[in-house]
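Chain lettering (A, B, C, D, E, F and G) follows the sequence in which the chains are written, and residue indices restart at 1 in each chain.
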Amino acid sequence: MFRNQYDTDVTTFSPQGRLHQIEYAQEAVKQGSAVVGVRNKNYAVLATLKRTTSDLASTQKKLFRIDDHVGMAIAGLTADARLLSKYMRTECLNYKYVYECAMPLSRLVLRVADKHQIATQRVSKRPFGVGLLIIGYDQQGPHLYETSPSGEYWEYRAMSIGARAQSARTYLEKLFETLDSCSLDQLCRHAILALRETVTALKDIDLSTKNCALAIVGKDMDFTVYEDEDILPYLDVIQTVRSQEMDGNTMYPKYFY
Amino acid sequence: MFRNQYDTDVTTFSPQGRLHQIEYAQEAVKQGSAVVGVRNKNYAVLATLKRTTSDLASTQKKLFRIDDHVGMAIAGLTADARLLSKYMRTECLNYKYVYECAMPLSRLVLRVADKHQIATQRVSKRPFGVGLLIIGYDQQGPHLYETSPSGEYWEYRAMSIGARAQSARTYLEKLFETLDSCSLDQLCRHAILALRETVTALKDIDLSTKNCALAIVGKDMDFTVYEDEDILPYLDVIQTVRSQEMDGNTMYPKYFY
Amino acid sequence: MFRNQYDTDVTTFSPQGRLHQIEYAQEAVKQGSAVVGVRNKNYAVLATLKRTTSDLASTQKKLFRIDDHVGMAIAGLTADARLLSKYMRTECLNYKYVYECAMPLSRLVLRVADKHQIATQRVSKRPFGVGLLIIGYDQQGPHLYETSPSGEYWEYRAMSIGARAQSARTYLEKLFETLDSCSLDQLCRHAILALRETVTALKDIDLSTKNCALAIVGKDMDFTVYEDEDILPYLDVIQTVRSQEMDGNTMYPKYFY
Amino acid sequence: MFRNQYDTDVTTFSPQGRLHQIEYAQEAVKQGSAVVGVRNKNYAVLATLKRTTSDLASTQKKLFRIDDHVGMAIAGLTADARLLSKYMRTECLNYKYVYECAMPLSRLVLRVADKHQIATQRVSKRPFGVGLLIIGYDQQGPHLYETSPSGEYWEYRAMSIGARAQSARTYLEKLFETLDSCSLDQLCRHAILALRETVTALKDIDLSTKNCALAIVGKDMDFTVYEDEDILPYLDVIQTVRSQEMDGNTMYPKYFY
Amino acid sequence: MFRNQYDTDVTTFSPQGRLHQIEYAQEAVKQGSAVVGVRNKNYAVLATLKRTTSDLASTQKKLFRIDDHVGMAIAGLTADARLLSKYMRTECLNYKYVYECAMPLSRLVLRVADKHQIATQRVSKRPFGVGLLIIGYDQQGPHLYETSPSGEYWEYRAMSIGARAQSARTYLEKLFETLDSCSLDQLCRHAILALRETVTALKDIDLSTKNCALAIVGKDMDFTVYEDEDILPYLDVIQTVRSQEMDGNTMYPKYFY
Amino acid sequence: MFRNQYDTDVTTFSPQGRLHQIEYAQEAVKQGSAVVGVRNKNYAVLATLKRTTSDLASTQKKLFRIDDHVGMAIAGLTADARLLSKYMRTECLNYKYVYECAMPLSRLVLRVADKHQIATQRVSKRPFGVGLLIIGYDQQGPHLYETSPSGEYWEYRAMSIGARAQSARTYLEKLFETLDSCSLDQLCRHAILALRETVTALKDIDLSTKNCALAIVGKDMDFTVYEDEDILPYLDVIQTVRSQEMDGNTMYPKYFY
Amino acid sequence: MFRNQYDTDVTTFSPQGRLHQIEYAQEAVKQGSAVVGVRNKNYAVLATLKRTTSDLASTQKKLFRIDDHVGMAIAGLTADARLLSKYMRTECLNYKYVYECAMPLSRLVLRVADKHQIATQRVSKRPFGVGLLIIGYDQQGPHLYETSPSGEYWEYRAMSIGARAQSARTYLEKLFETLDSCSLDQLCRHAILALRETVTALKDIDLSTKNCALAIVGKDMDFTVYEDEDILPYLDVIQTVRSQEMDGNTMYPKYFY
């Protein structure tokens, strides 16, 4: 388990110029269950895998509503995410109070990323161990952002973070150029299928109304979470894909729309 | 006893993205004696095992009344729990003063979970070494929450934490779908039986008026603790089960109601 | 002397979820000379062993008067105890000033236990290395409490802490059910005999007016300390027991009253 | 990975009088993708390589507009750079508010370099892990500055920092004496070609509208970023050079203007 | 010189519940030159050994006047003692200002002992490395107190601290029961003889006007220091004892009064 | 690279009474390029070697103007020097504002040396890693001061610090008694020749208008920097010396004036 | 170079009750060049050895004027001494302002010694690495004090500190009883001769106007420093002694007056 002497303190650079504690905090993101985000011209959609520790347990909260026009999905330390969501809600409220309009997404994301950064430059703190996929809709249309424990952020058309997110990203990369022209229904199904990629390696799990959730925000549509029964309509594609897989057909870009 | 170099400080991530000190604090929860929580449509019930260090000692306080409509059972460091209970009482009082109504459970649990979180991101602090099972009744009906040293919280229908809590959870998982339709009396007896599971591995202990306690909150019923003689009526099931066990019958879902 | 890497800092949990520094502070309590507390329906009594470093030295102060209705005996670091006693006195004074009545014991004990707890959750502090046996009399009658460096506290009918306190506890456990019906005189003698148990293992020491003290509080009786000559009447039982021991009779529950 | 005992703390000098943590922070600059800056008598130009982690990802932001007359390109930790850019924007605004004119470049660069320095002399901080190439135009004409994590800064006619920046510097050194007499178009193409030097060692990459960006500020021209299609006109030189390289001709000072 | 890992920090308990740093600070007291204190019904007397580093050096100050009715002798770190003496003087002045009478000894000693204690429970401090013998005269008559780096204090009839103080204590223990009935002159001579015990092991030193000092406080007598010639009258006993010793007579309780 | 355990913290003395971190900071001064200072009755002159990291780089700033009558040359960490220069400028301005005259040199140097000292006695700081040669002219005539990271300062007639400064000092020691009677022109040439001594060991470097600079302050002459072409007149002596060296004549006190 | 684990922190006692960091700071005093102080009934005199690092360097300042009636010589870290001298000057000024008379020496020395002490009891500080010989004249006549890094201080008739000060002390011990009756001229010469003892072990050095200085304060005479030519009259004794030494006569108490 020994690594090196530069990795126990977020204010210590390694001889290679790296801040190991930030990288380790990014590992915490990878340990969270996967979340997927996609957007087209008018809508942004999040799909999350709900993980539960036992049948008794309610599933860990992965989707957070920030404002009417903003919401997010998280991967990593839930409690850290909650602290950030509280901060973001306050920022949105203050903005609305001062400017009498909804806070632009880019501005909100910048603020929360700065909060990440500050935690990486103080001896008395640790980096936030959580990554955020933030969706929202403002005057510039729908947005999808990712923030990282390092304080960086990026805008995307489609993205996935969390455990085995690479599989989902591979799926998304194949078709992300077509996303803009998708209908909202198609967009949701793409999110579902991308999310499914993160669990196909696990033998006895498949997506169901129990273990996944969707969130949509967009034109004339406030941030809304779909769970349990509400998500059922979007799961029909799972059935289709599964029957195709049984036929040995694994090239779903063909069968999908 | 050597483990690794990343586990002595709550602000240090391990290369795998874990905060070991939080995990160790969660071990403190497992060292507390077991507590069980269940709820139906109208009531929430806690059952706790009272542990005592000698015949002279009063039993360690495990049940805390927070407000008329809220109470909790704790597993872990009692003194840490007391500090949190004081905080929760003040929050409830302030809420009542400002809004002239009882504080919603979800809001109260969020506050105390945030207090947990803050202790995980300061060099000068340590995580709270205690887990809480919080029950209450508000406009949304009865609730059962768990909070963890990590700052996470979950809502449940039935849950158990503390030493050998897994046995109780196994019992609860078998029947938790029937809990909603239970009467309050049945609910209490389920809690007692689940709690009994945590001591069956210990040869010379069985539940009695001396070593367990119940707490109930619900519709038209303030948070009330039942101890000593008051708990006797609910212990009848122990007698029934024990006689069945002697008959070699261990499938109590059958004999129970 | 090597133990492990988790025991030098009160804010570090061990992998087993323990805070070793708190446990070590509890060892400090065991190094103090023994104190015994008992109570019946109307009175609470403390008996302490006065330890002295030389014939010249006055004996270490073990009994502290807090208020008319409260006092305590301590085992462990005297200076830490003094700081706590000062705090308790101020609390009692403030309460009396605000509410114009004596502070209830439970409330006072809660406050001092919270002061213990805070010292266990700050990097810049250490736990208090002292245990307190607090007696008092309020509207609920007489009380006997113990506080611990961990911030925990318990109410008792009879208790002993300090060096070889286990012997005293064994004595008390045999008869604590009869304590309620004891007269005050019997209560004092029980305290003396329990305290004597802690020194019987030491060959050349026996209780005398020089090395023990009593404190009584109760109904119509303010906290009063009996030392030197004043304690002589209660030491008669020592003489009785000793002669019986010489006769080979060691079952004193028989000869005592 | 072991180096020495003087390199984990920014406030510790090595026996050779070096502050290793500052040097390690400078390594972070070298890990950022390359940026190039050049200026002539009237204009200053930045060229940056846009790095992306996946096709889905938007490219990491490398160019920051500070004010109408100032902008910068960064290499190193993006989040640190963002913090500094926010500081610089505020400085410019304040200056404009007080003096009613644009802030002189030298003054602005001094301020941000001082901010770097402070982070190198506090135990509770770490150096900023980012290098800045700042361009601007004020009453003294166009400027090009570099700041370093050490708190040093330099003015240049042409400079490159980031990964493999040495190759770009070699290119620039050959012709920097002719820069003053270049036209703006030539200046941009020099920047592009210098930037291309940093990727020629990488087999399968060449500059395109996708992976590079330009920024220009100068006489009668506010700070403007050219990306995507807008950069296409300046990339014609790439085509020319590439065909020459295929002819085995590698001495481009000859073929270029 | 290796001992254990628990002894470099005053806020770390050893597994045995000890605070080694406090014990080490008490060693500092033993390294100071000896001081002796005695009292009878009306007077308290201090005798100190004046240590000097060279013939040129004035002797280290060992006696401190605090107020008209209080003074002290110190063993250990002189500079720490001076800080405490300044604090005590201020306390006495404030008391006099508020209550218009001299500060009772017990109250003053409690204050300075609390100041000792606080230094044992802060990470940023160290224990005071000095022991105090405080004498004074108030409405309860003469007093003799000792304070320790641990924050403890004791009242005595006779006491000695510092290097080889055990020899002095042995002398004092033999006769301390007769002290109450001594005259002031006898008391002083007892102090001198006790002090002499601490140097008899050193071959070439005997008490003289050069190396010892007396301080007296009592009924109708403010705290007064006797040094040099003033101490001569009390040294006559030395002569007597010495001649007896030459005669092989070492039982001075016989020859003395 | 191992040295000892006392050299990582500026607040730790070694057993020999040394503060190694201060000594290491003084090494940082020796790593800076050399600077030379000389003065006669009316003028003080600084000569500095300008070091550059590449042809593109502007040379590192070595000369700082503080006020009309004060300036300095630095060797060591440039960013630390800049911080100190800012402080000195503010001190001069404040003095001028309050007393309506230029700040005396001795007073200014004392202030900046005190700033050095403070950084050597705080755990949270590090010593400044820079040495200053300060020249100025006030009512007492011209001055030349050196300050060190240790907080010490000295006044000189001639001095050199930085890399290979010993060679320059050797040159200066030979003739410093004649300095007072030099003309300003001679003084400048002495500074140039002394500075040249620091590079003669380096084969392929000689002083030129590119790599050295002069600064002069004195009677009726504000602090002025001479660089590039302006320094040419003073470089004539280089030519003279070089031709003499080729003749094998190395005793330049003879050939010079 | 390894010593023990208790000597890197001024707040850590060794098991022997020692504070090694204070002792190491006292070593810093021994590394300073020697200073000598003597006084008679009316005057106090300091003699210091001026050390210089090169011919160019002005000599390190060893004598500090504090007020008209006070001055001091220092051995150890000059910068630390300067900080203390500034403090002393302010104290004297404040005293004069409030009481309209010169500050008594004993009071001033107490203040500066307390400042020493505070630096020995804070984690964030280090002891001052300097010893002071303070002379002054007040209503009680002339004084000579020494302060130490430990916070201790002593009054003397004659004393020497710094490198090889023991030789000077040996000289002074032989004659200090005659000092009171010396004339001021004799006193100065004694100081010079004592100082000379510290250099006789060094072969090629003898006292001259270049390397020593005198300071005198006393009755009707403000603190005055004698350097260079002014000291010449007092150096005549050196000549006398040296000729006697050549004659093999080393018992200068005989030849001197």
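Quick note on the criterion: contacts are C-beta pairs under 8 Å (C-beta built on N, C-alpha and C of every residue); 3 or more make two chains touch, one makes a residue touch a chain.
This is a predicted model, so every value here is computed, not measured.
Traced through touching neighbours, the fewest hops from subunit A to subunit E number 3. The angle of the rotation superposing subunit C on subunit F, based on CA atoms and rounded to the nearest 5, is 155 degrees. In terms of their C-alpha centroids, the spacing between subunit A and subunit F amounts to 58 Å. Subunit E and subunit G have CA centres that are 32 Å apart. Centroid to centroid, with C-alpha atoms defining each point, subunit C and subunit D lie 72 Å apart. The set of subunit D residues touching two or more other chains comprises 9-10, 123-124. Order of chains round the ring, from subunit B towards subunit C, by the touch criterion defined above: B, C, E, G, F, D, A.
Per the touch definition, subunit G reaches subunit E in the complex via residues 3-6, 9-19, 110, 113-114, 116-118, 120-124, 150-152, 154-159, 169, 172-173, 176.
Per the touch definition, subunit E reaches subunit G in the complex via residues 1-3, 7-10, 20-21, 24-31, 54-58, 60, 76-80, 82-83, 86, 119, 123-129.
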